[in-house]
Each structure stands twice: as structure tokens, then as C-alpha cells.
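Next up is a structure, given as C-alpha cells.
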Amino acid sequence: MVNVTFVQAGYIGATTLIDALLDERASRKDISVRVISSGCKMDEAEAEAAAKIAAQVPTDLYVAVSPGAGLPGPKKMREVLKETGKPIIVVSDEPSRKAAKKLPEEGIGYLVLYGDAMIGAKRPFLDPIEMALFNADVIRVLSVTGVFRCIYTELDKVIEQIEKGEEPVLPEIVVNKTKALEYSGLQNPYARAKAMAAIEAARKVATLDVEGCFKTEGAQNYIPIIAAAHELMRYAAKLCDEAREIEKANDSVKRVVHFRSGELRSKTKLFSKFEK
Amino acid sequence: MVNVTFVQAGYIGATTLIDALLDERASRKDISVRVISSGCKMDEAEAEAAAKIAAQVPTDLYVAVSPGAGLPGPKKMREVLKETGKPIIVVSDEPSRKAAKKLPEEGIGYLVLYGDAMIGAKRPFLDPIEMALFNADVIRVLSVTGVFRCIYTELDKVIEQIEKGEEPVLPEIVVNKTKALEYSGLQNPYARAKAMAAIEAARKVATLDVEGCFKTEGAQNYIPIIAAAHELMRYAAKLCDEAREIEKANDSVKRVVHFRSGELRSKTKLFSKFEK
Amino acid sequence: MVNVTFVQAGYIGATTLIDALLDERASRKDISVRVISSGCKMDEAEAEAAAKIAAQVPTDLYVAVSPGAGLPGPKKMREVLKETGKPIIVVSDEPSRKAAKKLPEEGIGYLVLYGDAMIGAKRPFLDPIEMALFNADVIRVLSVTGVFRCIYTELDKVIEQIEKGEEPVLPEIVVNKTKALEYSGLQNPYARAKAMAAIEAARKVATLDVEGCFKTEGAQNYIPIIAAAHELMRYAAKLCDEAREIEKANDSVKRVVHFRSGELRSKTKLFSKFEK
Amino acid sequence: MVNVTFVQAGYIGATTLIDALLDERASRKDISVRVISSGCKMDEAEAEAAAKIAAQVPTDLYVAVSPGAGLPGPKKMREVLKETGKPIIVVSDEPSRKAAKKLPEEGIGYLVLYGDAMIGAKRPFLDPIEMALFNADVIRVLSVTGVFRCIYTELDKVIEQIEKGEEPVLPEIVVNKTKALEYSGLQNPYARAKAMAAIEAARKVATLDVEGCFKTEGAQNYIPIIAAAHELMRYAAKLCDEAREIEKANDSVKRVVHFRSGELRSKTKLFSKFEK
Amino acid sequence: MVNVTFVQAGYIGATTLIDALLDERASRKDISVRVISSGCKMDEAEAEAAAKIAAQVPTDLYVAVSPGAGLPGPKKMREVLKETGKPIIVVSDEPSRKAAKKLPEEGIGYLVLYGDAMIGAKRPFLDPIEMALFNADVIRVLSVTGVFRCIYTELDKVIEQIEKGEEPVLPEIVVNKTKALEYSGLQNPYARAKAMAAIEAARKVATLDVEGCFKTEGAQNYIPIIAAAHELMRYAAKLCDEAREIEKANDSVKRVVHFRSGELRSKTKLFSKFEK
Amino acid sequence: MVNVTFVQAGYIGATTLIDALLDERASRKDISVRVISSGCKMDEAEAEAAAKIAAQVPTDLYVAVSPGAGLPGPKKMREVLKETGKPIIVVSDEPSRKAAKKLPEEGIGYLVLYGDAMIGAKRPFLDPIEMALFNADVIRVLSVTGVFRCIYTELDKVIEQIEKGEEPVLPEIVVNKTKALEYSGLQNPYARAKAMAAIEAARKVATLDVEGCFKTEGAQNYIPIIAAAHELMRYAAKLCDEAREIEKANDSVKRVVHFRSGELRSKTKLFSKFEK
């Protein structure tokens, strides 16, 4: 039994379901999961508080999930967790790329998720419903393009190593469009193109939201930009839906499920058997 | 400052974002949030373990989120939390309705969410990607139909009471199609009809997934049923998308945002000012 | 030559085209069809009057089509027809299930059609155009899901028996989602899932229309419910369209046509030959 | 009480629901309806047989529905009905235009329906399911574009005259795109343009089906043409769906319902009251 | 090196990209292209002026592109070009059919493009944006249905003959629905049906625009007709999009590219090699 | 009468219709247009040859249209045209921005069009059909977002100045998302957001096509990237379609047409009169 603790501060799209990706049917016998989060806030104090709770939890592996891995909050979170001596994997968004690449120096692994875009976080636009809808779109993009499969495949590898008593080799992966597609399992080349388009559209969403939130003055000016960003994310999700529908039409949806032992097995035809 | 702790065991759609609904831009000065979860598992041991962590966290309010409020795990979770003497609000799905209605006897409030349907949790069908896509659809349904707005509006009322030092009046609400629509803010009557259709379609999804997961023998027989359920949830989400697009076309999307003080204010025209 | 007389009182979706299903290109040499209907009305007097006309028509087989086979009108219709001593097959909707199951005791066969949902028959909502559009959606659902193919396949069996001078074995079939799909000819498993979802959505439409028409007071309250029902039927039809488009994309649309002799032959590729 | 008898031979789209258009909720106190049909066949013998049954039914008005009003079957049908001395209104398709225009000489009224297109009636293509789906599309086109509303408005006028004991003035209307739109109740000019496009697309469907069925040799040659025709009808229906969705988005769907007295009243906002 | 000069007066859909069809990646070593156009105007003076410029350009082949090949402007253009003694191919729209068929008498070849419909050229409707959007739809129709491939395949044949020093055999082709489909490369029979439907819908667009522009008095009367025409062209384009998406889903999009030598080679699977 | 000559070398989206934007119904009495192009090729020799033809044409204004205004071909073209002493306006794509900004030093104006993206010009992907479909999408984006309206509005200003005998003030505009939207005439704020999203998606298309065409080795690697780019452009066009449909639904499509005098007048309701 491997104990995995997710420590979260602030939200990226992956925050919503990352722990569920490990045990989609609550059936695994080889892991026990805890999630500790400070919710949307990710300043130093909040992140530290969440991390301190997490540090008390008996754990074999920490997965630290937050936007902006280089920001003070996530940094503080890692400091607290590092004191436990347990392996840590950071999961964060594209702006964290630079900070993430330095993490291996500290013995920390990372998954940097392209396409997990910043939201249009301005008061005249973003209410909880707009926020939730944006996340629904992001989840679709991360699901179909391979980003989510990359996450659980890579975390599973580490879990398996820990279970076997091996020294875990932590992932150091920038999940860009090429890397994501490798995990996507999409068979049709146009479905793959649509998925790749979705990731890149989602990255443009991030750019627009940064422009709207940080570089633009006046609601009259920034509302159109962040509204455009959210429209684009809606279309990125539609591209993904179209990609998956192609796979359904060809009965070639790749499913990679967790067996009770934690082992991953895959199938593509809906009524076929799993292969190892 | 009110401390709110979400304690979660197992997944419903609301689990993914419920804490984020309270502070969509991480800007509120009046609350501090913690989330403690046992991930997908919700048996007694796991739920209890999560609850025990949560019971150690300084808190003014517990929100206990899980499927099946009447099941042993969620029950045990409540028992642990009750020992803290803090107010507890249970958020759960439609099958919890009966159990939830008895909670006020124990001084516990509840929000029972219709449309937050059970997933098609059978191994030959449900891998993490299928799971995540289903949740993306559920989030869309809960967002547009008013369920999510009901959640944050009602939690905010309690938070405000606590902040004022009042004895909180805990919600006791079955968020069915009529109740949800009241919160939805949808203006166009056909958008409302589409949203209502979506909730009811989502409830049928739940029925189908129960049939497929618990009442049907043999993968050849249950796969079609749960696959049908997921197709229907995808269409429930599409209905919601169509409803919201109508509101956009009429520039009548109701936004109800959190101000820094925690106060909720609303607007409908994208470029209008907020009203109290 | 077998004479088939359809006697109809009131409307279900199947009423619109049931006789046409038997002879889609008006080319069969082995049957002659009459339809006698009292239109939308199905009270005892109207149903009886239609039945009496039908009883005068030289016939080898009666097919009695109406909603609510257990209601007085349809009952009276059967009584009149029974006096002719000719075989009778009742075609009706899901609420007729209980009544239909008793019909074999009287020597009457039945086809109970799931998904052939009640309409939202309230004056402030249902005008002839709304009624017709609802029926267009219902026809699509019954066509793609296999319900219509079940009807004509089963009626054809009886016709063939009569033509051969055999004692006809009348169908006793509840055309639920599983049974319908058997007849649908859909090849792709996701197309099948979409079709199954459509039937179940259509059944939910029936539930909503019953709620709106019979259990809800006040136009403000029932209009949203029946409007939601019609929106959902529109989406059930869309699901069916999507299913059929998948089959088209795979050039696997199963066609089962009537030859001049009345024999049914099938093909799947658009440009292939028929097989027996 | 006015007795209306529909006599039908062969199928046009209007055949499916024409009597239902008169009494959409089965609530009218002022009419009693009978339908007598020979099903899909419309040769002289079949049409005559159906007409003879109809001639026995106590009736104040006959509505004769068939394709090709100038063909021998429909002609014979009218001859039989004329002997009853009752008023007759012919409802038929565009190719009947020339024949219909001569009917007033015989004291017969007519409604010639543009857009009620011939089907692709070739064995290698048209099975009952393809036939039913085509009709679903036709019904949508006739509903949204105003053709169906023209039918029931005009029949109602005659019924009212008969009820008042007046000499009925029978309609003599070619329901072309302009005439249909007058009845459609569509408010938005682009919705109207879409509806008009749909009628004209449907007329092109008729042209293609005539080409495919009567002017083209060899299945390899005619299948593509009639398949194209059906694809085009599917898109004509989509245009109508888009038109109606615009009206819904503007809450301006015109509903013209039958009251119990048979009187027609209309409303446009979903929650408004009826106006006379 | 073959010099090809396109001379254009007025606009058909093909005008926009016809020269680009010959050298899609600007890579051909065997041709040099010039385009000389009088823009939208095509009266005698303008057409002659453009032709005179073109007549000065060193050329091996003229391609004369305009609507209405029988009109005075295009006629004059041909007269001027004929004086050069170089081979001329006329590319024009369906109304040019009759005039085009006589061109071979003058030694001129032709491509008459069905589906390249007249625009709704009335001032209260057609601004440059409406014009451009109509052309975007037309381009899609001409691309997917095979019309554009017919153009470049046939022009390439002539270019090759000229390059080899042969007497060129000029094309004399009416690109109707059957001819176009031959060039389309569409593999799926339903994709082909959709494309054929699109051409025929586009031809109806032409009919409607002629009716609206030349046969209808009063803006109130002609605006609906030409607006309907443009809506129908939008749907013709959608049909084509649907057809191509089917081919993508089957990874069977036929690509026929120009190699540097000018040679055409084709492939269907996206990642396959070209075949001669 | 002002003579306007468009000189083109190579293709951007605007190349297809730029001259037509000036005289959408071929009705202007105040201008005469010539277009001289070297087709797809834009190397120095080809561009120079086209320019030399253009330099012979009596002209009051040159509009030089090409990609990459800083490349040798377009540069040479300008050199040739400059010798005529006539005013020159360069229309080019985003990568030309830097070069364009220096043009005013030479007395040349410019319009730099964001969203007019480079195509995926690799042989294993781009055949003439793929090229044409890409352009159809680009045209839609440039039309709805305001880019095309900016072009013709700005060219018209210069034409008017020339006609009045004034020294023309040449435009110096980078048509980015904000600038484009100013010209778009879109009224609904969400339609505007969708249009803005489309421009930005189109810019990402350009980035991807540059990456695929110039920075990626091996067909296996670059095909997915440029295929993704084209999928994204298809969706950018869809966003624009959705935006325009919103305006249609609100009867608020802004039309700005050329009157015979060349004057621009606008209207928004389809059946309203023009305003100056």
C-alpha cells in the first residue's frame, strides 16, 4: 500500500480531478490517497498552512499541485514538504516551466502542463459559474489531448517503484503538444491534429488571460480580451470533442484503466478485452 | 475571517470545484478555506481518516461532500466531525435524499444536488479519461442549471452569519429542477427549459448508471447501458451550452461575483456595473 | 393478398407512419392496406365510431394504434374489432404496458413502444406547429433506435403467416431499449449507445409531460416542465441523427427493404446488393 | 359539430399529421374527425376503395390528401367523393399544381404545398427507416416554414363557415415560399430567410428525386442522386431548426392554438396570454 | 516554362483562387503565371482594357475567367485575346453554358462551373462583408465537390501539352454534379451524396439570386429572396464541411498535389507516400 | 474617376477579394480597378515582372498586396512602383509588421493584417483543395472580425482624397484585434469576444504554420503541426460564423455598402434604410 498525498494551493485545471485520475473507480488496493488544499488561495501563508497539514499525514509520495510553481506560495509549500524527506512531484502550468526545470536540483520531479491555461480572473467577468464552465472546458482539453493520461501514467510509475521498494525516479516532463499527443491514444491522424490544435488554442487562451488580467487597464479594455479567451477555450474543448467523436465513430477509443492491483491495462474496441 | 473546511470522500461532480465556488478569484478577505479529502475512496476507514485530519484543522464550518450520504463512510465522517461541535453542511447527490432529510435532527444542514449523477463505474468502460470527460459534462450541467449557484449562495449565507457571530441557520435544500432554476439566473424562457431538460436528462443518467453498474450482469449487457448514460450526459451538457449561448446572444448572462468582502453582487449586461 | 387494416384513435408517434412502414415504396403485391382513424380524439364514442367503420372493411388483420391501451376508448375499439373474429395486434405506448400484457388472454397481440412519449398537451404551449415538431423528433427517435423496424418486422411475420394460411402467432413484445436496439441494425457500438440514450431520454420526456400535464398546477409551473420535455425530445432526436451519421461515415447503414413479394431483404453498404 | 373526413391515398409529408393539425390537444368541441386511407398505394383501385369507405361516413367536409392530384387514383377518389355532394378540398404537392388549378371548375378547393417533396423511392435506397427519417425532415420543414399553419388556418375557416351554416368558400392556394412565410409567424428576418431557403431546398429535393427515380438508369447512377436529395432534405430541416431556435432565443415563437370552441388564438412570448 | 495568363472581368467564385490552384505552394518550375483583372466590373470597356493589358504579356495560354461568358464584356475580352493567336480557355458559370458550347467553333475551350452561383447583388443587402462571406461559402463548395480539382487537372493537362510542344487539346467540359464528383476524390458514398447535394443547393442559390435580383420588384420583396439564397449557400458549404469531415474521420482525404515539375501526384492516407 | 491598381505577388487571404471589397456590386461610378498579379510566386523576378506591367497601367493609386513585405520580391515590387511617383499602399500580413512600419519613411502607407495567417505549405499536406479550404476559412475570419472592413474603409478614404484632388493621407495601420473590432460593426459583446478569439486563434495558426514549415524536420513531425494549424483555422472560422449568427438573431448585422458615388452608407436592421 502506497500512501499518496496531494497538496494543492490555488487552482489549475488539473487540480479538479488529479487524485481521481489515480483511482477512477475507487477500486485500487495498492494506494491510499489524501488531498490537502488551501482552496483558491495560494499566498505563502495559505500554502504553508496546507502543506503543514499535509506534512502530518503519513505519506510515501507528495504531489504538489498549483499554478505558478515559481511563486512564493508554492515555493513555501515545497519547503515544508521537503522537510518530510519524502519524494515530491510538482504539477503545474506552463508559466512554471522555468522554475520547474530547476526542481530536479532539489530532488523534486515535475510535470509542466501546457494547455492548462490561466483563467480570466477579473471581477467584472469571472463569477463562480464562469469559472466552473472554464474549468469544464479545460478538463475536456486536458483529457482528450493526453495531458491527463500523462499525469496518471507517470504518477503510477513512481507509485509502482515505491511499492516495489525501489528508489523512485521522479518524472521531469514538460507536457507540450508533442508529448501530450504521445499519451493521448488518439488513432486517427485528424483527431490528433484537432487535439494538437486544442492544446495550442488553450495556450493562446493563457496568453490572452495574462494580457487581460495583468497588462490591460480599464474594464472596457480587458473584458473583451478575457471574454475572448474564454470563448477560445470553449472552442478548444469543442475541437477535443470532435476528436473523440472521430475515435468513437471508428470504435478506436483507447482506454487505459487501473486494475485493482494498480496495474494499467488498455483496450481500444469498446467490446474487446484488455491487453497488458 | 471565517475558516471553512471541506471534507470529501469519494466523488460527485460538485467535489471538483466546490471550494473554488466560494472564492473564484482568490480575492476574499473574509474566509480561509481548507480541503481535506480521501480521494475516490469513501469506505469507512478512508472517510474516517480524512475526517480526522479535518477535525484537527481550526474551522468555523465543515462542508462534508460525498456521494451517498447514507452510506457508512460519509456517516462515519459526520460522526468524527460532529465531535468538534462545529456546524456541518452535507453536500451530496440525489440518492442521499432520504438520509439527508434526517440530518437536521442531528443539527446538520444539507444540499442534495439533483443532476449530479453517478458515473458509469465499470472497468471495461471507465478509465480516467472517460471519468474526467464525464465530470466535465457534469460540471457544465451543474453550472448552467443553477445548482452551483445554489451551493455558493447558500454556503455564503451561513458564512456571513458566522462572521456576524450569529447562530448559523444551516440550509436544508433539495436542489431539484425547480429549485435549481431559481438560482440559475437564466432569463430566456427557452434557455430555462433547456436547462431544466438538462437536469432531468442528468437524473436519467444516474438511473442508467445504477442499472448498468448494479443491476446488470455481463459486460456485453452493462457496457451499452453505461455508455448510453455517458452519451446522455454529454447531451445534457450540450443543452446547457445552448442555453448559455442564448443568454450570451441576448447579453443577459447573469453573473453573481464575490467581492473582496465576501459580498455577492450581480450584473447581467457584460459591460454594466454590478448591483447589490 | 392480405388485407391489413389500421384502426387508430388518438396519436402516438407511430400513428403518423405505421402503415407506410409496411410498404415504403407502394410496391408490395401481397398486401392491401386501409387506415381508419378518429384523429386526435380517443374517447369511447370516437374510438367506437372509427372501429365500426373498420369492422365493415374486409380485413385479414387489424392493427389497433392508440395511446393508453388501457383507456376506455382503445378498449371499446378492441371490443368492436374482436367481434369480427379477425386477429388483432395492439400498438401502443409505454403506459399501456400493464394493460397490454393482459391482451394475450383475449387472443390479442401487442407491441408496446418505449420512447414513443406523450406530448406536452397544454394549451398555452402546444399549438399544431409545436405538436408537429415534437412528432418529427419522435419519428426520428423511433426510426433510428429500432422501434420502427421492430414494428414492421413483426407485422410482416404475421402477414406472412396469414398469407401462407397459417394460424398467425401474434407478437407480444415490450419494445424497450434492449429490444429496440436488436432491430436497429446499428453497427458501431457508440452509435448504439447514442440510440439507447435517445430512447431513455424519450422516456424521460414522457415522465416530464405526465408531470406537466397531470401533476402540476398553474401555467407558470407547468409550461417550463413541458417545454423542457420538448427540448429533451429535440435532443433525443439529435442523438439519433448523430448515431446515423456515424453509420453513414462507416458506410454501414443497414437497410431492410420490402421487395414486391413482401419479402424483407437487407444490405449495409450503400452500393452493395441485397442479401436475404 | 362539423364532421371532417380526411381521405388519403399515397403519402405526402402532410399526410402524416394533417388531421392532427386541426385538433392538436384533442380538445375541440366543434369538430369530429375521421381519416380513411389506402396507405401508400394510390392506384385507381386502392384510391377508389378508400374513397368509397369515406363516402359512407357522415361528413360535412372532405379533405382529399395525396400526391399527384392529377393522377388517376386521386382523380377517381374525387369522383367518388363528389357524388356525396359535400365540399371537397384537395391537399397535394407541387407537381399537382396544374391539375389543382382546374379543380375550382368542379367546385373543389385546393392547397398545393411547395416543399412537400417526393421521396427517393428506389429499392436499393429506400427502406422504411430511410422513408420515416425523410418524413421527419419534411414535417420539420412544413412546420416551421408556415405550410402546416396555412393548412390548418384555411381548413378552420371552412369549418367555421360550415358550422355557421354558411356556404363555404373553399381555399384555392398555391402555398409557395412567399405564401408559406405569411403564415409562418417567424419574426426575425434572418429566421424568415432560413425558412425560405428551406422551402426552396426542399423543392430542389423534389427535382432531384424525380431525376433519380424517373430519369436515371442504373442503381450506380440514381442512388447518388436520391441519396443527395435526402441529404439536402436533412439540411432543409436543419435550416428550419436554426430558424426556430432564433425565435426561441428572442422569445418570439408564434403559437396559434385551437381553443375548445375551435377558435384560433395566438401568442408570442412563452409566458404571455393569448390574444384573439 | 509555360507562361499562363489569367484574364478576369467580374467575379465568380473561381476568380478568387483560380491561379493559386495551379501552384498551391509556389513551387512549380514549369510555369509562370500572370493575372490581369478589371476587378468587379465586366462591361465591354473594362473587360477590353484588361484584355489589352493581358495581350501585351508574353503568354502561352490564356484563361479567361468571368461570369456570363455570353455577355458583351467577356465576348470583347475574347476578341482581344484571340488576336494574339494563343490558346484560350474560358472559365465561367452555369448561365454561360449555352454560349460556352459554341466556343469550340472559335477554337476556344471551356469549363462551365455548376454551383458557382451568382451573388445576391442588391444594395440593401450586399455589402463587401456579405459578399466576402458568400465567396467563402462558394469556395468551400467548389473545393470539396470536385469543381476546383477539375479546373486544375484540366488546365494542367493543357499546360503539359504546351510544354511538350504539342498542339493543346482544350477542355470542353460542363462541370455538373456528376462530372464534379468524378474529380472530387471523395471515397465515402454518403460524403459524395452530401457533396452532390451541395452543388445542387448552390445551383438553387443561383436561381434564387436571379429571381431576387432581376425578377422581383421592391426591396421588401427581393431582400428575403436573396437573403434566403445566401443562407442556402451557407448550408451548401456546411454540407461540404460535413463531407470532408467524414473523409478525415476515415483518413481517406484525397490530396492531389503539384510537384516541382508540375506533375500531379496523389495520396489518401495523411501519412502515406504519394503515388503517381 | 480614380484609377486603382492592385499589384499582387504571392498570396495572403486578402489577395483573393481585396479589389472586390471596393466595388461589391460592380456599381461604382467613381473608380476603375485593375489587378496585376504574379500568382503564387513572389520571388524578385516574378514580383518585378508583375510590377512592371502594373507600372504601365494608368493609375492614381497602387495597392501592393503580398505576404512578407520585407522580403526581396515585395521590396522589388515597391521599387518599380515607386518610380511611377504614384501613391502606394502596402497590404500585408503580421510578419511584415516591422518592415511596414518603416514604409512611411519612403512615403508608402500600409495595412498590416493580423489573422491573415500563413498557410501550411508543405507538399505532403497542401494540395490545391486544402489550400482553397484554408482560404475560405481565412476569408470568413477577415470578414467577420473587421479586417476586411478596415481595408475597404481605409482605401476608400484615400480614393476620396484623390478624387477631390487632395494630397492623399495614406493609412498606417496595424490591424490587430482591437483595431479590427473597431471596424467590425459587431454589436453583441459576446459576438465581439468570439471575433476577437478568432483573430487570436488565426494568429496562433500562423505561429504553428511557421513552426511546421520552417522549424520542424521530417514529414512525420511537421504534418501534425500544420494539420493542427488548419484545424484551428477551421475553428476560427466557426467562431466567426457563430458571432455573425448572433448578430443575425438580433437583426443587428451592420452593413456598410458602396453607393454608386462611392460613398459608404450603413444600416443594421435588414429592412431598415441606410444612414450616412
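Going in written order, the chains are labelled A, B, C, D, E and F, and every chain counts its residues from 1.
Keep in mind that, in the parts below, a residue touches a chain if its C-beta (ideal position, glycine included) is under 8 Å from a C-beta of that chain, and two chains touch if they have at least 3 such contacts.
Because the structure is a prediction, the values reported are computed rather than measured.
Shared contact partners of chain C and chain D, listed by label: B, E. Within the contact network of the assembly, the step distance from chain B to chain D comes to 1. Graph distance from chain B to chain E, where chains that touch are one step apart, equals 2. Of all residue numbers used where chain A meets chain F, over half belong to both copies. The two sides are thus made of the same residues.
Annotation: 49 Å between the Cα-based centres of chain A and chain E. Computed centre separation for the pair chain E/chain F is 21 angstrom, with centres defined by C-alpha atoms. In chain B, 189-190, 223, 227, 249-250, 270-271 are the positions where the chain touches two or more neighbouring chains simultaneously. Here the touching chains pair up as A-B, A-C, A-E, A-F, B-C, B-D, B-F, C-D, C-E, D-E, D-F, E-F. Chain C makes touch with chain B in their complex at residues 177, 181, 189-190, 192-194, 196-197, 200-201, 203-204, 207-208, 223-225, 227-232, 235, 238-239. Partner chain C is touched in their complex by these residues of chain D: 6, 8, 10-11, 16-17, 19-27, 32-42, 46, 49-50, 53, 56-57, 121-133, 135-137, 139-140, 142-144, 148-149, 152, 185, 219-220, 223, 227, 234, 237, 241, 244, 255-259, 267, 270-271, 274.
Residues of chain E touching chain A in their complex: 248-251, 253, 269-271. For chain C in complex with chain A, the residues that touch the partner chain are 188-191, 246, 249-250.
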